[in-house]
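Letters A, B, C and D mark the chains as written, and numbering starts fresh at 1 in each.
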Amino acid sequence: MSGNTIGKLFTVTTFGESHGIAIGGVVDGCPPGLELTEEDLQGDLDRRKPGTSKYTTARREDDEVKILSGVFEGKSTGTSIGLLINNKDQRSQDYSKIKDSFRPGHADYTYQQKFGFRDYRGGGRSSARETAVRVAAGGIAKKYLKQQYGIEVRGYISQLGPIKVDKVDHSVTNTNPFFCPDDTKLEALDAYMRDLKKEGNSIGAQVSVSATNVPVGLGEPVFDRLDADIAHAMMGINAVKGVEIGDGFDVVNQKGTEHRDEMSPEGFHTNHAGGILGGISSGQEIIVHMALKPTSSISISGESVDVNGKPADVITKGRHDPCVGIRAVPIAEAMLAIVLMDHLLRHRAQNSLVQSITPVIPAQR
Amino acid sequence: MSGNTIGKLFTVTTFGESHGIAIGGVVDGCPPGLELTEEDLQGDLDRRKPGTSKYTTARREDDEVKILSGVFEGKSTGTSIGLLINNKDQRSQDYSKIKDSFRPGHADYTYQQKFGFRDYRGGGRSSARETAVRVAAGGIAKKYLKQQYGIEVRGYISQLGPIKVDKVDHSVTNTNPFFCPDDTKLEALDAYMRDLKKEGNSIGAQVSVSATNVPVGLGEPVFDRLDADIAHAMMGINAVKGVEIGDGFDVVNQKGTEHRDEMSPEGFHTNHAGGILGGISSGQEIIVHMALKPTSSISISGESVDVNGKPADVITKGRHDPCVGIRAVPIAEAMLAIVLMDHLLRHRAQNSLVQSITPVIPAQR
Amino acid sequence: MSGNTIGKLFTVTTFGESHGIAIGGVVDGCPPGLELTEEDLQGDLDRRKPGTSKYTTARREDDEVKILSGVFEGKSTGTSIGLLINNKDQRSQDYSKIKDSFRPGHADYTYQQKFGFRDYRGGGRSSARETAVRVAAGGIAKKYLKQQYGIEVRGYISQLGPIKVDKVDHSVTNTNPFFCPDDTKLEALDAYMRDLKKEGNSIGAQVSVSATNVPVGLGEPVFDRLDADIAHAMMGINAVKGVEIGDGFDVVNQKGTEHRDEMSPEGFHTNHAGGILGGISSGQEIIVHMALKPTSSISISGESVDVNGKPADVITKGRHDPCVGIRAVPIAEAMLAIVLMDHLLRHRAQNSLVQSITPVIPAQR
Amino acid sequence: MSGNTIGKLFTVTTFGESHGIAIGGVVDGCPPGLELTEEDLQGDLDRRKPGTSKYTTARREDDEVKILSGVFEGKSTGTSIGLLINNKDQRSQDYSKIKDSFRPGHADYTYQQKFGFRDYRGGGRSSARETAVRVAAGGIAKKYLKQQYGIEVRGYISQLGPIKVDKVDHSVTNTNPFFCPDDTKLEALDAYMRDLKKEGNSIGAQVSVSATNVPVGLGEPVFDRLDADIAHAMMGINAVKGVEIGDGFDVVNQKGTEHRDEMSPEGFHTNHAGGILGGISSGQEIIVHMALKPTSSISISGESVDVNGKPADVITKGRHDPCVGIRAVPIAEAMLAIVLMDHLLRHRAQNSLVQSITPVIPAQR
């Protein structure tokens, strides 16, 4: 219910700041009997971890997750699951600069004004560090969805600055440091990022995430549509400024005859809708795109003010991702898995026979 | 909590189908003492009403809202406000065609699969008819926001098919049937829509909505960011397939130096962020764009299946908006007002002194 | 989430004041396919209706409920159900007395202080009139529980002033104006009430409500225990000052050997727990007792103050129940049904196989 | 929203089992700027700790709480507060007996049936161990309430088996191992408990908790009344079977003239209502009583069944409180503080001027 909780039935509540003792959270509503170990969650945490590639920050986070409760003899018990990730790198650098002034593009100014006070070390609660807990929590959802329904949630970078992918080959995505599903773009990406680092600048990106084998019927009419809850989850990821389902903003210049996905006994002919009709999953692949702004922490000085409203020039030192979009790939996957899991439980509550209904048509011909 | 409720403290719960007896809802959490009459809400309902212009459906809805409770001697009492709009046009046409087959692009198929059963008359609960209640509820929020904080929420069509607006003049928006804020585009819009009607087709649109004078500090860290809740609200409007805050998808190809909004004692220099930083309002204008798909109900036949999975050709007869985006303007305003109201109350709960804090810098220089 | 909504998945939101145009509400989360008509709900409304007996108020409320949505061709569709009950008796009597002073024992003072303002006509929102909507909403839950699980929810008066029932015969309860399940007490009750009316005074009562055939497993560990949610629902009924599950306050002087319900292959030997262990239903009869204070509206003058803090003597004129406990019987039933329904859906969401689990032992030997 | 979370704005989410690695939780919604250290919370944890007196279990829990986040430079930041208490005593004793059979009076049977599976070590999630986190979380609320409003929350044992207290002297309560506020009863309590231990039996108790200086106006009409939320919170404490506000069940035999609290310019004359009228605080002392059943873990054998439904005799070995009611005192205080804190924020959200309203009359003459 609070701002640090997401979900209605499968809920994830997180806590923790960038440079505090630890970050962690509570996952509630997990069905009992799911085989679950810390290793199940560590894989995605490692994918998210900074320092994995030379293009993401080299700061040592060492995200080792511990499951503190809710699992007994290797299986979920149905009670709340406590997750803990200790912060290894707490040495407080010299924060005197950021302490008293606001980094442009950051949440420094808004946090200070909202709360009258802020944990200025490394962004505090507004740091992307918090998303490690989401990735761990999402791992639980992912495992359940895969095991019980065969649902696969897969993310990738679909655009980075001017470089767009031309094809999506999921087997390529995890073999390169960009989560790029198109191997013909790897060289260009590498060159682009090298130049960017030299320049001391950063760049935006588009991340895409999809889910296959989602049963027909997830999502609720009116406000808690499946797409509305996905938009909420994705826009809640740091740096995201736009979210699309299916054709997204392309629909603005589509005609009805172009957009509507026609059907035949063999299935839907197209998937402009991105797997969601009237807020409810159609059984087709769910397709989500999101835009992430360029990292605000760059080594090129910017104009700003200090806490007293006096002019101040701010340079963000330290190691920072020149493209936060890259690391957002496993985060976006986690968020989609959490939303699907929540709606699966909600659907099951009201419509108990979900598993037995045979769709009238197959998802895709 | 349910799928038909939005908001945490300022909550709106709706009910009603397109061709039922009435639609309505409950607004809870309104501060006491707000002067409120039905006339305050009727204006926006009239703007949303079909048949207002020759380009929106001529079906007679006559959205006359009644306030059933929560207002006494002209002022809100702080208790729940019941809203009711009777459906005038309930005569059930011949629905035998839609009853047994699924209109492509509609929620017919997903509702049937989710619930095993559906009210097929005019789309039932999935009809845009339901949004009339949102507009009425949003009117309450709008009035409070305007009166207590000077907040102005204003929507407009920013693109319709291939026609983009070049300027935003709010004084123009409500003087034409397209909610178009650029008077140089009115002729082109008129011609385009005329051709479209002849063709029997429909078109997508982009709707934009902004809010000025929003205090710094609204929104919560992590999941219930102001932008995340706005995305949830907007993606929950029928036909919306994409939502952007500020520069939205343009950030994908922006560099850090371009995107970050620098500050000086005179205020922010730019507003790429769209008024939200780290999920919290910055005091700048909040800017939201959304993409609406073309109406699925068109008079050009489409391939589909019936409830038994057999092939069926479907033509949607009756009068339908060739561009649902147009009527979405007041709906988008209502949704933004509801979200702002909710976050204003949430902020006030935790940070009781919001009204007394003077921002360090002015919103815009 | 608001104060006028109860439930997480099966939610009931109400609106309306004693002397407004209408009262009503929205029931959300009802499973689709339930056969439902207004007649299904009217029976309990008639039981709750004032004027049913000479001991309840003669004020004409005529609670005729209308279902405005969510039901199509006689069956629930799974979407939100709008309920409306018009207020017939709106003629505003002379409220000048109550308008400016606070009736002792009423919510006049606290509403005025909370909201700075109140609808003083007949208690406004604090009137028991609002509970008519709960009874209608509870009727939906009752029907589903009965039909799908054979669950029976039954309330009765277990004590009225000094008169305690000695036996519970559910077949007697609805044959007398006291909802008294013990026919040997009817004469005493009749005499007691006659004297009370003469005196112009009122009396407290204890209402009990039970549910049989509740499956094992409803309720959630820790905060949302089934008993905790029942306590919330019952204490939320006007005039209730105490709630007990099973042996209730008698446990204070029980020893462990006395209280614990032993088990054998034939079932539980006793039911001191009232059907709930560790917050979760055990399959035994759920037994709830509640204490209702005497009506505060009596014709014997009481000392009070006016809105300016000056002394004032207050007599409540008009027809009022000398014992509000009596009419609370159908309300308590409705609240228990709503809580059970909600937990049934919640349980089903997380533990999808509830219907197929065979309890290890029968509920009662 | 999940079963392990309480509160709407000031929310507490807990995790952890009796014999797991650690227990902990997340407190969300705490206003920023509250001075807060671990020492502030440790005092109540020590009061709750088993082994504090010879009458509570000697099992070593050593509840040392760590604040992991949400506090910076000694003050709450307004973001979520992570709490952690490591379990010291995890050595798994021989649980083979309880593993396969159900202890009478415990949640063993209901957990097994609900989840198909349970953590049987020491009661797992159903153990009172979990309440340590509530006490820590409640400590945050207590500090804020005291500091900002002068609210004092105080609990005590009001009855233990046949021994009732005759007076309430808060200065006595914390000087004896029974939390007994009446020093004339200490000897009798000591003797009673000694006999009980010899017998190997256990006893029920009544715990009372009150709050003074609560502002007028907390609580919401209809479902989320202050008393309803208190009842929910208290019935959610392990072993509680009954909750009363003010005169509680005594109202059943009170007349209207006796019960109603009359007012004069000097204040309320009496406080039968227990500080709540119409679900909203009246400014008077809030008085809550609750009944706790006798500990089910006793060393006298009881009849039961095993997981296969076969007969089994169960003795609970190990050190257990003969009266769980005693340790419940700080837990009840914590729960009341959490509810008051939540409603204070809720009230502040809707009625922003709460701090400035002067009550029409003083709370008590």
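Definition applied: a residue touches a chain if its C-beta (ideal position, glycine included) is under 8 Å from a C-beta of that chain, and two chains touch if they have at least 3 such contacts.
Per UniProt, the chains are A, B, C, D = Chorismate synthase.
Computed from a predicted model, the values in this text were never measured in an experiment.
For the pairs A-C and C-D, the count of C-beta pairs in contact is higher at C-D. Chain A and chain B touch with mostly matching residues; of the residue numbers seen at this interface, over half occur in both copies. Centre-to-centre, using mean CA coordinates, chain B is 38 Å away from chain C. Distance between chain centres (mean CA atoms), chain C to chain D: 26 Å. Averaging Cα coordinates per chain places chain A and chain C 45 Å apart. Residues of chain D found to touch two or more other chains are 1-5, 8-9, 14, 29, 32, 78-80, 114-116, 125, 221-222, 346, 351. Against chain B, in their complex, chain A makes its touches with residues 1-6, 8, 14, 102, 104-107, 109-116, 125-126, 130, 159-162, 196, 201-206, 216-225, 227-236, 238, 240-265, 269, 272-274, 276-283, 291-296, 298, 300, 302-305, 307-311, 346-347, 351, 353, 357, 359-361. For chain D in complex with chain B, the touching residues are 1, 8-9, 29-32, 78-80, 221-222, 345-346, 348-352, 355.
Interface residues of chain C, counted against chain B in their complex, comprise 1-5, 7-9, 11, 13-17, 20-26, 28-29, 32-33, 66, 68-70, 72, 75, 77-82, 84, 114-119, 121, 124-125.
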